[in-house]
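Chain naming follows the written order as A, B, C and D, and within any one chain the residues start at number 1.
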Amino acid sequence: MMNENHSDDQYGRARVQDSDELKAYYKELENLGAGALWTVANDIEPWEPRANSVPMLWKYDDLRELVLKSSELVTPEQAGRRVVYLVNDKRKDVAAAVGWLYTGIQVTRPGEFTSAHRHRASALRFIMEGEKGYTVVDGNKIMLEVNDFVITPNSTWHEHGVEEGGKTCIWQDGLDIPLVNALEANDYAVLDGKQDLVAPLNYSPITYGCAGLIPADKTWDKPYSPLFKYSWSKVYPALLEAQKVNESNPFDGIFMKYSNPLTGGHVMQTMGASMQLLPPGFKGKAHKHTGSFVYQCAKGKGYSIINGQRFDWKERDIFCIPSWAWHEHHNLSETEDACLFAFNDLPVIEGLGLYQERELMENNGNQLITK
Amino acid sequence: MMNENHSDDQYGRARVQDSDELKAYYKELENLGAGALWTVANDIEPWEPRANSVPMLWKYDDLRELVLKSSELVTPEQAGRRVVYLVNDKRKDVAAAVGWLYTGIQVTRPGEFTSAHRHRASALRFIMEGEKGYTVVDGNKIMLEVNDFVITPNSTWHEHGVEEGGKTCIWQDGLDIPLVNALEANDYAVLDGKQDLVAPLNYSPITYGCAGLIPADKTWDKPYSPLFKYSWSKVYPALLEAQKVNESNPFDGIFMKYSNPLTGGHVMQTMGASMQLLPPGFKGKAHKHTGSFVYQCAKGKGYSIINGQRFDWKERDIFCIPSWAWHEHHNLSETEDACLFAFNDLPVIEGLGLYQERELMENNGNQLITK
Amino acid sequence: MMNENHSDDQYGRARVQDSDELKAYYKELENLGAGALWTVANDIEPWEPRANSVPMLWKYDDLRELVLKSSELVTPEQAGRRVVYLVNDKRKDVAAAVGWLYTGIQVTRPGEFTSAHRHRASALRFIMEGEKGYTVVDGNKIMLEVNDFVITPNSTWHEHGVEEGGKTCIWQDGLDIPLVNALEANDYAVLDGKQDLVAPLNYSPITYGCAGLIPADKTWDKPYSPLFKYSWSKVYPALLEAQKVNESNPFDGIFMKYSNPLTGGHVMQTMGASMQLLPPGFKGKAHKHTGSFVYQCAKGKGYSIINGQRFDWKERDIFCIPSWAWHEHHNLSETEDACLFAFNDLPVIEGLGLYQERELMENNGNQLITK
Amino acid sequence: MMNENHSDDQYGRARVQDSDELKAYYKELENLGAGALWTVANDIEPWEPRANSVPMLWKYDDLRELVLKSSELVTPEQAGRRVVYLVNDKRKDVAAAVGWLYTGIQVTRPGEFTSAHRHRASALRFIMEGEKGYTVVDGNKIMLEVNDFVITPNSTWHEHGVEEGGKTCIWQDGLDIPLVNALEANDYAVLDGKQDLVAPLNYSPITYGCAGLIPADKTWDKPYSPLFKYSWSKVYPALLEAQKVNESNPFDGIFMKYSNPLTGGHVMQTMGASMQLLPPGFKGKAHKHTGSFVYQCAKGKGYSIINGQRFDWKERDIFCIPSWAWHEHHNLSETEDACLFAFNDLPVIEGLGLYQERELMENNGNQLITK
């Protein structure tokens, strides 16, 4: 029978008292690049998953002016990429917004573009503002509109820009840079100049953009989705339709995963993404699970309670939920739906067998606000 | 065309000069939990993989007495597990031997046993000394002999011991505790007492122990190998046979992977393991690749050059090779083969698309010793 | 070196001359339920794939009246299903249209419906005429329109009907009954009455109908597509869009496969399906490959040359292409596109490692009409 | 509720009475290459799987002399392959022993060898007699001993022979020729002369012959096992060991599948194989399932009851079990075990979703002998 008691003062946990003899012994070990496991065991083997990040919310009202200001202070040419990144109070050392996920807000003015580069880290973007923005992924140029979701996977060449005559574009970047650095595997390369285009404009979203229809005469052996852009103009109507025939998930409303249409899996090997619609008046239940999540409100307004702390959000606000944090989402409108985009490290957590989940049973499934 | 120049003073890298205006701007960002990417970009996006660990070797001659002494200083009951762990000079904060891999040396005297526990972290063992040691994995009791390799995967109940009448057993533990902690997903549970056995002694290695023969009437849906023990009594003869019909790999000699016989993949989701035989007089070439490795010499003597530093090893010595470190192995005997056991994080590195490899082209493929 | 000579009068082929002694020997063998391989070897081991079917075309102008007449002659209640099936001149013994594929034309009048049944054989339908037709697949009711493609996989309960107030529906059925009978695995069951609905109307096509968006909170472990209907109202616009950014395949124009959005594979385990658009004036090249195909013209008019014989088709005509038959498709209109629906046994042929393909090299890739 | 009544006189089955009007109608349809489904539906949609083969047993005592005699009557050069094939009384048209499986007995005298050829059909062999026999599969030469199981997969070049100084070899061939012909996909090619060897003798069984140990530095992308030979010298001891720690399967004793060590799946894409040990005194229960099976007794003596008919077998006898036939196996010795080798079409049946199984519930699970 499994023992549910989580006290360290029990059989199966380290309970060694210090003594002079032991202290001398520990010193000997230290000199050899060693240590006694029982001096650290209870710390490195916690009873439950333990996150290093704290929940945070970044209000777009606060950030927008500063983001735009960057476009006056530095050029893309100087900055590499002109991005304001959002950093967790407890993850400044690794430049992460939560867990091992990086996020930033990039601004590009009409006529500007970056040079092409690639890196072992994977990237994704969620469009916040602007017109005539585009990305080029491995020679595929793709136009971007507000609330579109686009991927630039591991080691693909990519560059971004806004056409002359467009409007200043702002988008959220999501990358696994902290993870790939932690795994000691990141790299970087720059291209002399721009990529050559290898396909007509929007080839990827057009070719793979009809559910269940794929080219019969092409093969795809890359470990990421051949569908590089998921258009809001298709996604939002699909959510509304889905709402008619699906019950709301008690935690997440109408909850859809962006997926690779050739595998049904996550869009990339290290990061997944989802879009969820909270119906008018939706009051979510609380649960917690492993995995780190960065959210952006794509539509509407509401609040999330994360580990007992309430975070109010509206369109374009960004917030994060650390691993194993209790969380629940509420739509503050009784008439309008609210939509939350999120990206996460679930491909890592699930792929390595580390996913687990728990529902809150107390208080009818809702947290008390304690902070 | 890809630019092979790795200077940060080029287009595509951050090259912003500080100014008072910018400093004020950075302060504003900091107050909002944000920062300017270009102030950190070149650091978090290195040109090549960058390891945080250093190569190290732990001599068994130094450690053995201290390991045995632990059995006088603490009981298994007090210590939880009586283990001396080996820690990298640069990874003391996470108790890792290299990268995100933990290793330790555990000693158990005849008649001793631990209580059963389980954790989200995966574990493996490589037997160094003793007789009549055993492990129990999810109710399967398995006897262990020197140079046997045994797994106790993610969330399996496990306990170890040495039968009365046996000889003190010493084995190397390998775990991914640092990784699973970093991914904020570890957990721990203890069992009240010992596991009930669910199968006859050695059921797993006997049932899955003939190459290409598996039970026709059983299914296995676990994400790890049903073969829990890989016996040296079978592995070493197989290496000798393989040597007759396979050319030596220039880097690794006769190089075999412990694999899941139902998938051909790694034995567990987060850690892999290999055994390699360096023929008499083998002088390996140098290469480097991503992934972290902990080695134990299972037989013979030789040395490895790791990032220009020579490490001499003989039977039972343990050493590590960090990610992206140049390394080459040499057998110092002209008459006897040498065998190196290793475990690694390749399932993580490969599974997330982060593996890359490079051969040393200079100096006929061998490093100069520089340290 | 492979010998390209296909004469049986060479080393490696059976070339035994009959003799009285051999004849006596053959008799002895026959008495024991045996034979001499060399007496049949050249026949059962052909140099190239050999089909038992002949190319055929069934004109809808000929069949339509007879199909409608069936609705006067028998009731669904008497007939089980009121279907006119199309049978290959060389496959009457197995009721196949080509190879091991069955096809038929089913008619249902407003207010009629069949009882629910299921079978190990898989089925699909392609809608030819009518309004307010529906199918119910494992409790999922789905409305059908002209040129929609719908699946009723292996062992799913299914029933069909036309709502009161609709218009008489005619659709093409495709089944692998001949294959599953040949593999000695078919079965059949009837339900007492109608199925209970388990989901709102059109749940499946709505929920899985947006490319790359799938429920984040549902799992699907069936070996066939969760998307049961592929709507022409989405497919045809997608073909037109794809045409803008894809080059025409020289054999098949704009050539798309109906796929399982969770695997990128065929919609069912034994039958696949495709839709291809032949641009105005398209003149296809000839090739041949293994696998059997049943086509229906969904739009336009044209002709196909199959093994040197020309078959002219227009909307609703059905034709078949046997395995390893040379074939090429031509659109007869210079202004309108033509669309060909097809279903096939490619999951079988590919899955068992039996697919091969050859392009016609002579005559600029086009066949001479010889029949 | 599913209706268990299997009468055709019920709703959901075709129950149309003939009439003059209908007869005229059927004639009209026939003229157009069509028919009325209800005239054939009950026949082509049976309630349960229906096999075309009958159970048969071929006694080696009867066949051996005739097999050896073939080596006097024809040369390998004349015969292509000097094989006596075994043919089911109901499958003479397709040269199958059961279902779509071919089997034959091949004899090769010392110093004889065949020329190299390949075909889309897959082949396997089970060695019955002799010494110094060998096969060469895609340039890999492998020595064969009695009761060894060896594969020559789809489209691999292969040739066989017996070394000078060996003893006349007799082995059972198993092929899926009837299946691949039925699927209209077979082909054949001969090589001018012998294959060049690409690896040392026995490379494959040596390299992949230790359970759970595979080359770390080689990849294998073929859809069949890299282990070409499964040695009786390893298999039989493994069965004996397995017997100690596994309960006997009530139908099949100690029941092991030959598997691809890189996938845990069948050894080839179209045929699987198994070896089972019936302990002394074993009295199996009866069950039936889809799939066709050809057995050879590798050791001991016993009998099988197949669809109520008893077939007694001893070492080297061959028998077959058709799809969906009730069958049970009995060891006639109370002191010696009996071993049955079998090959089957399970990769096809399982891969296409056509496997089902039923236990006999009556009479304590044993059949009454009725024939």
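We adopt the following convention: a contact is a pair of C-beta atoms (placed from the backbone, for glycine too) under 8 Å apart; a residue touches a chain by one contact, two chains touch by 3 or more.
Source: prediction; values computed, not measured.
Shared contact partners of subunit C and subunit D are absent; no chain touches both.
Comparing the CA-atom centres of all chains against that of subunit C, the greatest distance is found for B. Rounded to whole angstrom, the centroid-to-centroid distance between subunit B and subunit D, based on C-alpha atoms, equals 43 Å.
Note on chain placement: the centre of subunit A and the centre of subunit D lie 52 Å apart, centres being C-alpha means.
Counting partners per residue, subunit A has no residue that reaches two or more other chains. The touch graph of the protein chains shown is a ring with every node of degree two.
A list of each chain pair in contact follows: A-B, A-C, B-D, C-D.
Residue ranges on subunit C touching subunit D, taken from their complex, read 1-3, 10-16, 21-22, 25, 28-29, 32-38, 40-42, 44-52, 56, 58, 62-63, 66, 69-70, 73-74, 77-89, 94-95, 99-100, 102, 104, 115-117, 119-121, 154-155, 177-178, 180-192, 223, 269-270, 290, 292, 322-324, 345, 347-349, 351-356. In the complex of the two chains, the subunit A residues touching subunit C come out as 199-203, 206-217, 220, 225, 227, 230, 234-235, 237-238, 241-242, 244-246, 249, 252, 255-264, 267, 274-276.
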